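In order of appearance the chains are A, B and C, and numbering begins at 1 in each one.
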Amino acid sequence: MSEMTLRDLTELVKGDLVGDGSRVIRRAAKIEEAVSGDVTFVANPKYARHLETTQATAVIVSRNIETRRQDVALVRVDDPYISFLFVLGKLTPPTELLSLGIHSTAVVDPTAVLGRDVGIGAHAVIGRRTVIGDRTRIYPGVVLGDDVRIGANSLVYSNVVIREKCSVGDDVIIHPGTVIGGDGFGFAPNTNGTYDKIPQLGTVIVEDCVEIGANCTVDRATLGETRICRGVKLDNLVHVAHNCVVGENTVIAAQTGISGSTKIGKNCVVGGQVGLVGHIVIGDRITIGAQAGVTKSFVESGMKIFGYPAREMQHRLRGEALVHQLPELRAKLRALEKRLDELQSR
Amino acid sequence: MSEMTLRDLTELVKGDLVGDGSRVIRRAAKIEEAVSGDVTFVANPKYARHLETTQATAVIVSRNIETRRQDVALVRVDDPYISFLFVLGKLTPPTELLSLGIHSTAVVDPTAVLGRDVGIGAHAVIGRRTVIGDRTRIYPGVVLGDDVRIGANSLVYSNVVIREKCSVGDDVIIHPGTVIGGDGFGFAPNTNGTYDKIPQLGTVIVEDCVEIGANCTVDRATLGETRICRGVKLDNLVHVAHNCVVGENTVIAAQTGISGSTKIGKNCVVGGQVGLVGHIVIGDRITIGAQAGVTKSFVESGMKIFGYPAREMQHRLRGEALVHQLPELRAKLRALEKRLDELQSR
Amino acid sequence: MSEMTLRDLTELVKGDLVGDGSRVIRRAAKIEEAVSGDVTFVANPKYARHLETTQATAVIVSRNIETRRQDVALVRVDDPYISFLFVLGKLTPPTELLSLGIHSTAVVDPTAVLGRDVGIGAHAVIGRRTVIGDRTRIYPGVVLGDDVRIGANSLVYSNVVIREKCSVGDDVIIHPGTVIGGDGFGFAPNTNGTYDKIPQLGTVIVEDCVEIGANCTVDRATLGETRICRGVKLDNLVHVAHNCVVGENTVIAAQTGISGSTKIGKNCVVGGQVGLVGHIVIGDRITIGAQAGVTKSFVESGMKIFGYPAREMQHRLRGEALVHQLPELRAKLRALEKRLDELQSR
C-alpha cells in the first residue's frame, strides 16, 4: 500500500481524529521535513512547537497535545512514536516480497498440497504430504519435512527447518535459522555409563499468530506435543524443550531456555537468558526477570520473580540488598565483641 | 519394523518375561484401548487395576506389580514408561526416512567417496575428498566441506554445516542447524587496539555414538583438535570452543558454553546455561548445576558443584541459605548493641 | 602461499630478525622434527635446549632467549606460539578455497552486481540489486536478500542468512548459520492481552574488519540501523538486538545477549553469557565479566564490572566474599549473645 485516507490511518492506530478523514496520506516524514500529503508525529512535548509551522497534512500526537491550527489534522493516540511506525510500515512498499509461485529450484514433493498464492523460494524443500495454506511464504533454503502442516498468511524465513509431522498455524512468523521439531533430549542410562536414546515420537504445535525469532529451537515431544500457544512471541535463540507448553500471548526474550515438560501460563513476560527447570508450572500473568533461574513452580497470577534461585521480587530484594551491607554488619559485630571484651575485663 | 515377538520385545527393553515369548506384538496402545496383539504398560500403581481387565497381549510393568491372570504376558522392567517408549519407537514406522541414493539436486564433488545405502538429500553439498560411511543419511541443505569424514549409520539433519577436515564417527546424530568446525575465537591484540586473527588450523573430531542437538556450535581447534568423545550427548544451542575435550558419555543440557581448551571428564552431567571458563579441567562423574559459572578446575570424581562462582553443593548451600536470614541476623545485631548500651549505661 | 623469505616472515610477525633475511622458509614444524628450510618456535624456556641441536633454518623465540649458534636464524617476538601460528597459517595451503565464479546451482538475481573474482557457492541465493565486492566469497547455502551490500575480501560461510537492505563491509568474516537482519523484537500490547507487531523498518550495518561467529543473531533496527563497528569480534551464538551499537574493536565472547538500543563503546571486552538490558550505555575500554547481568549504564573508561546485578569488581568482591563467611558471622553473633546473657545474669 502506498497511500491511505486519514480515516484508515486513524483506524490503523486506534486513534481519535480531529480533522477531515477523507484526506489522503502518501508518505510518512519527520515533522521538519513534512509537506502536504505527509503524516508526521510529535512524541516529545519539546517538539510540539513544530506543530505551529509544519506543512504536514496530519500529525500523530499524544492525547494532551493541542494546536489552534485548523489546516492540520491531528490523530490522537497513546504512543505517537509507535503509531507512526505502524503507519510508516503500511506506507513503505515492502522491499523484499518473495515472488508468488514455486521457484524452479525448489523441491516440492508431488504429494504436497499448496494453497492459493503461496510463494516457495529458491532451494526450499517441501516433504511428502506437507500442506501449506493460502498466501503463506516459504523463503529460500527452508526445509519442511514430511506431513508438516502450515496455515495461511504465514512467513517462514530462510533456512528454517521444520521436521516431520509438526504443525504451524495461520499468521505465524518464523525467523531465519530456527529449528522446529528436533528430537527432545531424552536418554536412558545404562549401568556401564552409556545412554540409550529414548525415541521422541511426538510433535510440535505452533498455534496462530505466533512469532518465533531467529536460530531458536523448539523440540518435538517424547509423546504427544510441545505446544506454543496462540499469540506467543519468542525472541532469538530461545530454547523450548520437549513437552513444554507456552501459554497464550506469553512473551519470552532472547536466549531463554525452558526445560522439558514445563508449562508456562498465559500473558507472562519472561526476560532474556532465563532458565527454567523441567516439570514445573508457571501461572498466568507472571513476570520473570532477566537471567533468573527458576527451580520450582510459581502459580499465583501476577507474581514477579527473579534471581537465582528465583523468588518473589519483594522477598529477594531484602536479602540481596543486605549482602551489600555485609562489610558494615561485620564491622559492627567486631565492635560489639570489643565492647564486650572490655566490659568483661573490667 | 511393524511387528515383533514378545521375546524380542523383552530383549529390547532388557526386561524379564512372564509369558509366551513366541507371541507376536503388532501395536503399542494405552491400557484402556489395547486389544489382542497389542502391548501396553502400567507405570503408576493407580492404574494396576486395569491389568485385570485389559485385552492387551502383553503389559510392561514395574518389578513389583503382580496379576493372577494367565492370559496376559508381563514384561517386568525398571521403568515401564521408558520401556514402552522404546517399544513404541520400534513398532512405529518412521514417517520421515530420507530416500536412499543421491537426490538429483545434491551437489556431490566427484572426488567424494560414498558408502553403500547412503541417502543424500535435496540441495545437500558434499565437498572434495569427503567420505561418508554406509547407511549414513545426509538431510537436505547440509553442507559438508572438503576432506570431511563421516562414519556409518549416522544422521546429519537439515542445514547442518560441517567445515573442512572435520571428522564424525559411526552412529552419530547431529540435529538441524548445528555448525561443526567454525573457526575458534582467537585474536592477537595490536597496540592500537585492533586485533589480528590467529589462524585456526585444527579440526573437530566427533567420536562414535554422539548426539548433538540443534543450532549448536563446536569450533575447530587452533592446532590439533576439539574432541567430542564417544557417547557424549549435547542438547540444543550448546557452544564448545576450540581445543576443548568433552569426555565419554558426558551429557550437557541446552545453552551451556565451554570456553577454549577446557577439558571435561567422562560421565559428567552438566545442567543448562552453565558457563565454564577456558583452560580448566573437570574430572569424571562430576555434576554441574544449571546456570553455574565454573571459574576453576574441579577434579575429584563425583563432586556436585553449582552457583557462581561454582562451589561444592554442601559448601554453597550453607552460605546461600544464610543470605535469606540476613534480615534476622541484622535485627539480632541491633538487639545486641542495644543490650550492651543499656549494660554500659548502668 | 607455500614459501616465504625470512624477511617476509619477520615482517608478518612484527619480530626482530637475527640472521640472513634472504633465506627461504618452506614449512613450519616442531623443533625436534624441523629440517633445513623449516621454521620452528620455542615458547617455553624448558625447550630452549633444543635450540642447540635443531636442524631448522629459523626459530621464533621470545625476546630473552639466546643461542651461540650462527647457523640458525632467530626471530624475536613477544609471543612465539602465536607468531608461529601466523606463519603456519601463511605456509599451509588453504584446504577449502571456494572456487572462483558462480556455481551452476546458485540462484543470482539478474539485477545483482558482482565484483571481480568473487566465489558464489552451490545453492547460494543472491537477491535483487544485491552488490558483492571483489574477491568476496559466498559459501554454499547462503541466502542474501534484496538490496544487500557486501564489501570486498569478505567471507560469508555456509547457510548464513542476510536479510534485505543490510550492509556488510570489507574484510568481514561471518561464520556459518548466522542471521543478520532478522526483525527486531518489538510488540505493542493491546488491552485484551494480545500484541501487535511493531514494523521493523531499519537495517543492520556491519563495518569493515568485523568477525561474527556461528549461529549468531543480529537484528535489524526498528528505524535507522543496528551497527557493528569496525574491528568488532563476536564469538558464537551472540545475540544483538535492534538499534544496538557495538563500538570499534570490542570483543564479545559466546552466548552473550545485548538488549535493544544498548550502546557499547570501543575496545571493550565482554565475557561469555553476559546479558545487558536495553537502553543503556557502556563506555570505552570496559571489561564485563562472564555471566554478568548488566542492568544500568557504566561509562567510566576502563571499568571492570561483573556479577548480577553487575557492579565494579572491587565493590562486589567485598560483599560476595563475606557471603562465604556468613556461617562464621552467625556463630560469632550467637557467641556474643551468650556472653551478654551470662554477663547480665550475673
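Convention: contacts are C-beta pairs under 8 Å (C-beta built on N, C-alpha and C of every residue); 3 or more make two chains touch, one makes a residue touch a chain.
Owing to the predicted nature of the structure, the values given are computational and were not obtained by experimental measurement.
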Q. Looking at chain A with chain C, do both copies bring the same residues to the contact (over half shared) or different ones?
A. different
Q) Roughly how far apart in rotation are chain A and chain B when fitted on CA atoms, stated in degrees to the nearest 5? A) 120
Q: Just give me the whole-number Å value for how far the CA centre of chain A lies from that of chain C.
A: 27
Q) Of all the residues in chain A, which ones touch at least 2 other chains? A) 105, 123, 141, 159, 177, 215, 237, 255, 273, 308, 323, 326, 329, 333, 336, 340, 343
Q | Contacting residues of chain C [partner chain B, same complex] | A | 79, 82, 85-86, 88-89, 92, 95-96, 103, 105, 121-123, 139-141, 157-159, 173, 175-177, 209, 211, 213-215, 231, 233, 235-237, 248-249, 251, 253-255, 266-267, 272-273, 290-291, 307-308, 323-324, 326-327, 329-330, 333, 336-337, 340, 343-344
Q. Tell me, which parts of chain A touch chain B in their complex?
A. 105, 107, 123, 125, 127, 141, 143, 145-147, 159, 161, 163-165, 177-179, 182-183, 185, 187-188, 193-199, 201, 215-217, 219, 222-223, 237, 239, 241, 255, 257, 259, 273, 275, 277, 293, 308, 318-320, 322-323, 325-326, 329, 332-333, 336, 339-340, 343
